[in-house]
Amino acid sequence: MQVDWRDEIAGALDQLREKRPLVHNITNYVVMNSTANALLALGASPVMAHAVEEVEELVALSGALVLNIGTLSGPWIAGMFRAGRRACDLGIPIVLDPVGAGATRLRTDTSRRLLEELHPSVLRGNASEILALGAGEGGARGVDAAHTVDQARQTAIQLARAHGIVVAVTGAEDFLTDGQRTARVANGHALMARVTGTGCAASAITAAFCAVERDPLKAAAAALVVFGLAGEIAASGAPRPGTFGIRLFDALDEVTAEHVHEGARIKVEEAAE
Amino acid sequence: MQVDWRDEIAGALDQLREKRPLVHNITNYVVMNSTANALLALGASPVMAHAVEEVEELVALSGALVLNIGTLSGPWIAGMFRAGRRACDLGIPIVLDPVGAGATRLRTDTSRRLLEELHPSVLRGNASEILALGAGEGGARGVDAAHTVDQARQTAIQLARAHGIVVAVTGAEDFLTDGQRTARVANGHALMARVTGTGCAASAITAAFCAVERDPLKAAAAALVVFGLAGEIAASGAPRPGTFGIRLFDALDEVTAEHVHEGARIKVEEAAE
Amino acid sequence: MQVDWRDEIAGALDQLREKRPLVHNITNYVVMNSTANALLALGASPVMAHAVEEVEELVALSGALVLNIGTLSGPWIAGMFRAGRRACDLGIPIVLDPVGAGATRLRTDTSRRLLEELHPSVLRGNASEILALGAGEGGARGVDAAHTVDQARQTAIQLARAHGIVVAVTGAEDFLTDGQRTARVANGHALMARVTGTGCAASAITAAFCAVERDPLKAAAAALVVFGLAGEIAASGAPRPGTFGIRLFDALDEVTAEHVHEGARIKVEEAAE
């Protein structure tokens, strides 16, 4: 049965702007600045911190936690587990971004351990990353996807069922599932793949929506619709990646419930396929 | 007695452009790039380095040192004390930015230790951070201020007197004091709070002014006037945070002594209140 | 004998866009984001990773490796040697960027060890950095050059011969040599020195060209011509550093073989001087 989530998504966006949730990010060096700016532009409040000495205190103040494994190293893994366990205890939603899973054992193994031990609300990755966490035969090439979203579809459903989580596979058309329901989001623009950190921003924005919308599938769908719409707004008049990347922050500030009602391209199926 | 510092501020800006002071930053991952760009745009020369093996050599080459505790961890604390002690020995001014003090014990305790051991020339923070370093009942919420500048006013004066330093509380209207004299700076723009790292840039710019102006209260006031004016220039024609953040670098390059004379909104009281 | 490399450079640029080489960067915190964006804008695929646990796997997937010593520390040095040795074993070209060599012993010594042990294809630095790696009397002032490119000319030739590498000294006019042949590149714009990380981007772009052009002198020359042309394109209509820095990414996306044929300002001498 196909349903219409535009009202819920528009409502979640309004709530996010009103509540201004604090989002705790343990993320990679490359995107710390752009992720913080994306959250600020959207209307959330970012905090970036990784040290084991302080992450438990910070996550307890936060509405959601992002664990992003780009530029991974030992001390960061320790910080992720420390923060993640505290988030689990407190019922604070976690979004896991397995950047580059499949490209190295460190990334694949760490993502699997985080997945198994913390049961994040949402796992968001590109097709190659999601495939790597499923059957274990990802074959990623660096951190860019070498597979299509459709190729990762069954693995996403399996992972969602096995871990009781939402899996969001992003690409030209995004595929989301909680193991039963599925959603496809067709918003976005090709230039988003030409700017570093847009996938990471999508994960952080998903976390911001998880802080105001209890259904993680709706939260992830809202994030991808809103971020995709921002990409479309930014691309009109900015045909090249530098200016586009900056306009993307402008557009995250500009996008409204009205844009959602008019421009959301989302299909939701309530029964699993 | 109220005095007019516009000539001194305009003069310090001209001196900064002429001397191009090297500013050594031990700062957080989120803002390293934007801080370096802010200093370059203004006309200073940034160096970012944290390793205990090299910070003493670098600070000895520098006109000022910035210690910024965002994304704090053990090795960075060690680097801060190593660099800070050398700066003290050499009489090189230090600016301390206690990012998120009050939000975690690691940040509050480290800020207090840096304050007590290094006696920085200037402590610059938002109201919640300054309150946390005073009576110890900050109650910060992440890294954004949860208090008004006025609420932190008495604590700022107490801290300035206790440590013999200048305290600069930034917000909608900035409050600065060396324990005797006070200054209020009303320059700036609301969009500055929508871009990550503007507070950190204010601290780095304060350090750049400390390298050319021996009176740290004047240096901090000059920094906040000049940075605030740049914010005003940037905001005209850039109503959203992405483009505004980039224009802010343009404006730091553009702002002149003439802008200071025409646009500075600063009130200085020579006697303590 | 003077030769014309415009055809080769234009061809290398077309190849780079077609092959989209993966470039592995072990680089400093300040420029990770801007370096990744420069590579993406140009048409390459960046990966940033430093952990000893994974760098061997990542470099094996890559077309070239960048070792950049800004914000250096122990764990990063370990990662650099681990990745570099694997790159040597696999014949993957290495570009070394000795950021701030001469300013501290850590940087000078580490650069020398990397140079001697890994024999990178290209060493790219400013004049002060190259001088510091030669006679050892650099006298750098922070990370900005305190010497002219001409002052570093003989040292560059000596280093190229001693290590069997290409040395590229960048500045107002770039000087490149493999110890026999020399090239001078006069493309670029003064605003490039007002944005942090443009030197680091030049090194990463050199690595991207090394992945598609086997002659490292031609690869480095192509990188500096193409990046210089991008700087010229970006500067037209963007007279200040903030907007210029963003347009520089636009221009890396925009620059074509035709720009190379029309605008390259390069002189190559086949016999050593």
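Note that the chains are named A, B and C in the order they appear, and that numbering of residues resets to 1 at the start of each chain.
The working rule: contacts are C-beta pairs under 8 Å (C-beta built on N, C-alpha and C of every residue); 3 or more make two chains touch, one makes a residue touch a chain.
Every value quoted in this text rests on a predicted model; they were computed, and no experiment measured them.
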| item | value |
| --- | --- |
| Cα superposition angle of subunit A on its copy subunit B, in degrees to the nearest 5 | 120 |
| Homomeric contact subunit A-subunit C: same or different residue positions, threshold half | different |
| Cα-centroid distance, subunit A relative to subunit C, in whole angstrom | 34 |
| Subunit A: positions in contact with at least two other chains | 29, 33, 246 |
| Of subunit B, residues touching subunit C in the complex | 22, 29, 32-33, 36-37, 40-41, 45-51, 53-54, 57-58, 61-62, 75, 246-254 |
| Residues of subunit B defined as touching subunit A within the complex | 28-31, 33-34, 70-74, 100, 103-107, 141-144, 194-197, 240-243, 245-246 |
